[in-house]
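Each of the next two complexes has chain A plus one more chain, namely chain B in the first and chain C in the second.
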Partner chain A sequence: MSICGYAGKILRLDLATKAATAIPTEKYRRWGGGHGMGAALFWDLCKDKTITDGRHQANVCCVMTSPLNGTIVPSAGGRCEVVGVGVGMYPISWFTRSGFGGRFSTMLKHAGWDGIVIEGKAEKPVWIDIRNDRVIFRDASGLWGKDTWTTQKEIWQMVGVPRGTKTAWQELARLDKDKKSAKDEGRFTQKPAVLTIGPAGENQTAHACLIHDAGNGAGQGGFGAVWGSKNLKAISVLGTGSIRVADAKSLIRARMVTKEKYVASSERPDFRAWTRLGTLPKPIIQVPPPTKDRRPQSCQGCINGCRTRYNVGYGNESACQETAWYGPYARKVAKNAAENTEINLKAADIVQQYGFNSFVFQTGLHWLEHLYEEGVLGPGRKIPSELPWKEIGTLNFAEKLVHALSTKTDIGKDMADGWVQAAIRWGREKDLETGALQFSYWGWPEHGYDPRAELEWGYGSIMGDRDTNTHCFNQIFTSVSAAFAFAMPIRIEAEEMVNLHARKLSPYAKGRPEVLDFSDGNMYSEAVAQLVRWQQHYCRFWKQSALFCDLKWPDFYNTNTPDLQGATASPDAGEQVFWNAVTGDKLSFEDGIELGRRIWNLDNAIWVLQGRHRDMVHFAPYVYQTKFEKGELFPFYMWPCRDEKGEWKYTDLMGRALDKGKFEEWKTTFYRLEGWNRKTGWPKRSTLEKMDMTFVADALQAAKRLGEEEA
Partner chain B sequence: MHDEKDLGRGRISRRQFLRGATILGFALAVGADLILPGEVLAIPNSEGFLLVDLKKCQGCGTCMMACALAHTGVASYTFSRIQIEQDSFANFPEDVFMATCRQCQDAPCVEVCPVEPVKANKPNERFGNVRMIDQKLCIGCQACIDACPYTPSRVQWNHVIERSQKCDLCVDTPYLGEPGGPGGTQTCVKICPENAISFTRTMPNQKVEESYFVNLRGPAWGKLGMTME
Partner chain C sequence: MNNHVPPPDEEVSRRLLGTVSYRDRLSAGRLMPPVGMLREDVRSLKELHLLLTPDARSLPGVNLDALAEWVRRTLGDDDLAHIVKNINNSAESYAEACLALFELVGLRLEQARQVLDHTA
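Moving on to the complex of A and B:
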């Protein structure tokens, strides 16, 4: 088996004993990389898989790369996957995942490591200093209490790397004055790649992030709290090595094809191209940029950066959700658009520096404001809070709110274990029934893609472990709804849209466009179950193990090509082309989906050991009891559906609730298709053995949680 | 003094010369036609140069990895002949710097190469006089690295083979899959997703460092809301 694309070893850290050892990557090669390898490492090394809070000392956190990291695979070179038991979910914090971009995974591989396994708890705060093969446990007492940006800058200084650019080559061996060896370890011009927690993580609060550089964050999962519970402040990596690829010539050619064929040309710009991979560089920020003096900024190897750096001194590298969490409030107090932008981007800086996952504010802050306006929350009220609620919308309030939630002060004390937990503590369970608190699944907020409308998002989240945050199909909604909202041309009509998808939905739904029909008559169908399966399996391998970026892949349709076909699964620049060029494998696109199925099954086995049963797989009550009436982005939710004549049309999906009974039937269908027991949702031995996962079946049987075989 | 219009392909500037002990070796290396009257050897001008747009680079490092891949089949920051430096906590435009070899007219890295009788670092007359290091001849003294007047040095140290290396405009790129060099493809130019690197046969003003920094932003860039200045 080829080891091209891999560094060859995985770093295992025991924080309790300050031991650093190496695990041969070859042992876990069958799982590909990223999530697959991380889940397999967790399976082997976590001795108590019944834990339900990631702050438990038995928890094992894996930070994993992919063979594609640090290469030129478009929008796959810079992602990094984090797995372990999470924090802040409800009713159980599952074994879960998060991802972040930047250059950490590249540097880690160039330092000679395919991943890091973190076990145990350090006696005192530590940070880890990795310089190629040398791994040093360093005292973090001087860093504890500092924000994520200050921490990184101080670590750069401690490592001996100057700030700024136009810096000279440095010799790695000479950085360490205590080092006796005279071996030449190579030179570098790059900054150490640092992954760190801020105050939110140190205080082990729910929804604490891991932050790298200014704006790369592993948000969901609460892994910042996991690190905090282990007294781990940061990991810094400097690498001067390299990664050999199997077929560099093919890799370069495929990358060129991607640029020339699938990406919008700057010479003949199509500013409104419908594609995920091939847009022009337009950073995803939710407010007008504060200045034109800026650049696009990207992760390692990206085909088109989604972030930006400005000359104004704020908002650098923040994108998407973190630039919008404060939007509804800032615009109430801002005197003009410029001030609105400034407040929003500075609010983004605040969450980055505290290492706090602003995603929970998306629907959560509406709830807190509602409680304040209802007279329940505030100074001297039932839920006491001394935060300046009258100033909501100001930067001062944003800072104080994030501070409180990051330091377990004020209402942060009650919210440290999660928002749904806080609602229960405050006697506000009814808010999950009315929808005042729109935390749809597993204690996570609704994403703006409501489960009553965008089925694959909601169904995928509840069948998994978290808000799925996988945009495989979601751009249909955003592209089409935006076209309707702003009277822009519909670039691809509904029937062609679903057919373009169906061509690439191998193996479960190839040639079956009906899997995308989210109309009332089809929303609980076997077809939709196949779509959800495809998404979960695709993502578990191609997106979360091979680490193709969620914002760029899969590319189903692409108006930059004459036949509108996107790069996904294509013979010239599909995912499998890049994987094979790097690793030397002969993997088909469908082989990758099958690998994803195995990884998905391993995840489900861990959830089952943690206590999952189909009886607990439910959305929050409001999803069944109230209709979806108010969209986060648009006043309608456009999606391709078949009408009564069977003709495809873009249709508004607002105005409906999920039928609980019918959703239960859909779950049965889903379990049947997955080969899981329909009554319990537990994997069956026959299913696992067909995937060469007998060891999983044995473990489930020993725990008396193996799914019964069915006719 | 160096009017770009006066510097035709392969012409020799009399300011760029070598004297003394290295003359014979250099003549052997680059050809007798480089011997000027009075036994002065000159370094012929490179016929190709890389230009960069410091405000357009997105810092993806694709050029770095592609450079290392095209030359050696490995992806690496350290072994890339182009270096993109970034400070995530600095503001635009000081947050990114693109360090490319300038194929200098006076080529201090060539001048200082002590290898005799044939220099390891020399213009390659078969490929437009690109300043190249023949790693079979390189003795690993690193004099060329020290001689490069720019920071970071545009000549790199390859610690694995203990030899120097530098940008050759992709002349020696066994993994590129197409001809490189001044008449062919430069990997970084072709692969850059933002087209922030370009190739020119016109020698930039050697007295002005900024002459290698150009504006490659077309009209689309302005329409995307980014500076054209």
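Moving on to the complex of A and C:
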């Protein structure tokens, strides 16, 4: 089969029987790719969708690519999506997702596969060796217990790829010494792309992740624990093929338009129009050029380079949260800024090597420190711990903490099923009321975009399955707040800002700037519900199925263009332009949103089968009971809001908590708009049938969990 | 505006170079796109100095009114608290205030070290 953009088949691995078979991609083509295909595969292949812990043997984990992987689509070519029932959430570990970058998805497609479905449990630890069509189950007993970097290095060695970066073209057939065939199986230049777990995954601890290369991780979801429960240590892929693109000329043209029109360059004057925090506007920012100390590193096909390789040899490829989790503590012991940086980067390496999702430390480590300082946790205390708490901030402490949580030792024993579960075990539920433990939704920590202020983040998370981690809108907060901090002239005033966004929010919120009004008077409105819907549907398809990078898309406004219009949905370099150039489809931007709605509905149906009911859809108590104090973490949280006269102004959103009753009313509005039953949050047959999802309605009806029709 | 600060005495110097109790910490944070807002509470002047260190990726998050009060009440340094207040009132922007405070706190730490060196 040759369908443009796709490799044509999906690899199905049954670890219990060591069987590798192929599923034609065509069967799942209607779901696009990535999350959509993965959710549909899960729906078809998971025999028990009532499971609530990803470590259950019935769980099915899908590692999925998109048609755009392995092509030159900017900020999309190297992403990869993982789905399945997760681990460590509360009260239920939902069917969930995670994504990672790098070159794994590209290599997988070059090997001829659009994704991998992982079922069953191997009797003994295995790793999977994929070389184009050849799929070999290999004994991983020699790799079990090793960290993620050592594992990858040993696999590279076992596959037989020459070391070093100066090696020339290699012949795939020659890697197999026992093979006499002289058949040409293709050539390659790269090392195999390996996705692996570390000790955290082997021990099936909550928040264990999957790591690829030095610093690409599928963090949220606990998929490292899922693999560990299946005795799956790693998957290695070596591919020598290519991806057929439908319209190469249009693809190159769109990429050139992106570079010439939408890219912000450090050499162009508007780059720092907002502030020195030059991360804005989205989506396409070229990082500063290489220096003698560092050089940028990108995912496959990306024109950015948002990660770094350093001349010092540590912290390589780590970016974002993992380089920040230890910052507040490193400062306690660092003698100067240089040492502070060194500890931070080495702490990033530690979590990467253990395969541990450092995101939980963002608010979680403050809670542990709180318990220690309050005399509750520590040697001989109510919560016993022999960790060197007095040394918090040192690398020794960081290593020992991550080790304990990764190996179920010390407090890690109580925390292996999740942090909220540990709080309950320790009798610390009150910390979820005071906010000492800021795990806001589904057992996940507050992300840094407080749900009491930034509504689309919080509402999106609780209506979904995890911390949403979708940066569609929050560049507004960071750029505007930073501009206020520097007392810079406002580059785009509030009214223009919301109007620029509203132009792109097709179909539900097109031309409705009020959807972005997060003021007290509008925060529980139908308009905000439409914004959250748009974000969920956009992300389910364009970000998580087509796999446009979350940190770069959507591009609502762009200060490089004369009219400030961003690339999103544009006719010259919008998401749909790239999709159509690669696949040959005639998809509109809105078609993508609609496809995202279907995928979102399929996800919700799985959650309902797992046990979801609207009554359990609520934030941690502190979100309702404790105000986000003004100046608590930063002097202000600026956002465009309408005042009492209806005029748009940037307004500080700190100083409030959510009203639980009003939020319940907002949920009712959200369910109504989605066509889900308002009392239960379950999908209705009429809604599903309109989306050609009768099979989902039938399954829900059989499970007695189909939403009743309403007037 | 005169931001000259006379050297602290020995007792204040000891407090300035020490660490306060957890309950006496200063609530603070950091704005780091795209990570978001991070909590970075402060328990010593040295930690405050590192928090304020200019950084291309982020901005420190400190309530400057609360900071002046913390310096006065918790560290017991009225002179420093007075200048923190001055800077807060006179700086053209929050970021500029943070830069000035970074310099000031660095100077104060050095003064405290010198005082204790001389008395050692």
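Criterion: the second predicted complex is superposed on the first by the 674 of 711 C-alpha atoms of A that agree within 3 Å, B and C clash if a C-alpha of one lies under 4 Å from a C-alpha of the other, contacts with A are read in each partner's own complex, and residues count from 1 in each chain.
Keep this in mind: contacts are C-beta pairs under 8 Å (C-beta built on N, C-alpha and C of every residue); 3 or more make two chains touch, one makes a residue touch a chain.
In this text, all values refer to a predicted model and were calculated from it rather than measured experimentally.
> Report for A:608: first if it touches chain B alone, second if chain C alone, otherwise both or neither.
neither
> Determine, for the superposed model, which of the two partners chain B and chain C contacts more residues of chain A.
B
> Given the touch rule stated above, what does A:362 touch, chain B (first), chain C (second), both, or neither?
second
> Have a look at where A:312 lands relative to chain B and chain C in the superposition and call it first, second, both or neither.
It touches chain B, and chain C stays clear.
> Quick one: is A:447 in contact with chain B, with chain C, with both, or with neither? Answer first, second, both or neither.
Only chain C is touched by A:447; chain B is not.
> A:243 contacts which: chain B (first), chain C (second), both, neither?
first
> Look at A:255 in the shared chain and tell me whether it touches chain B only, chain C only, both, or neither; answer first, second, both or neither.
Only chain B is touched by A:255; chain C is not.
> In the overlaid three-chain picture, which partner chain does A:332 touch, first (chain B) or second (chain C), both, or neither?
second
> Taking the superposition as given, does A:487 touch the first partner, chain B, the second, chain C, both, or neither?
A:487 contacts chain C only, not chain B.
> Hey, what residues of chain A end up touching chain B and chain C alike?
Dual-contact residues (chain A): 280.
> Considering only the defined contacts, which chain C positions touch chain A in the complex?
Contact set of chain C toward chain A: 22-23, 27-41, 43-44, 47, 50-51, 53, 56-59, 61-66, 92-96.
> Using the touch definition up top, name the residues of chain A that touch chain B in the complex.
Against chain B, the touching part of chain A is residues 70-72, 74, 77-78, 103, 106-107, 110, 149, 152-153, 163-169, 184-191, 213-215, 239-245, 248-249, 251-253, 255-256, 259, 263, 266-267, 269, 271, 280-282, 289, 292-305, 309-313, 316-317.
> Inside the complex, what are the residues of chain B that reach chain A?
55-62, 65-66, 68-70, 72-79, 83, 85-97, 99, 145, 151-153, 156-157, 159-160, 162, 175-177, 187, 190-191, 193-195, 218-227
> Using the touch definition up top, name the residues of chain A that touch chain C in the complex.
275-280, 320-321, 324, 327-328, 331-332, 334, 337, 340, 362-363, 366, 369-370, 373-374, 447-450, 471, 474-475, 478-479, 481-482, 484-487, 551, 629-635, 637
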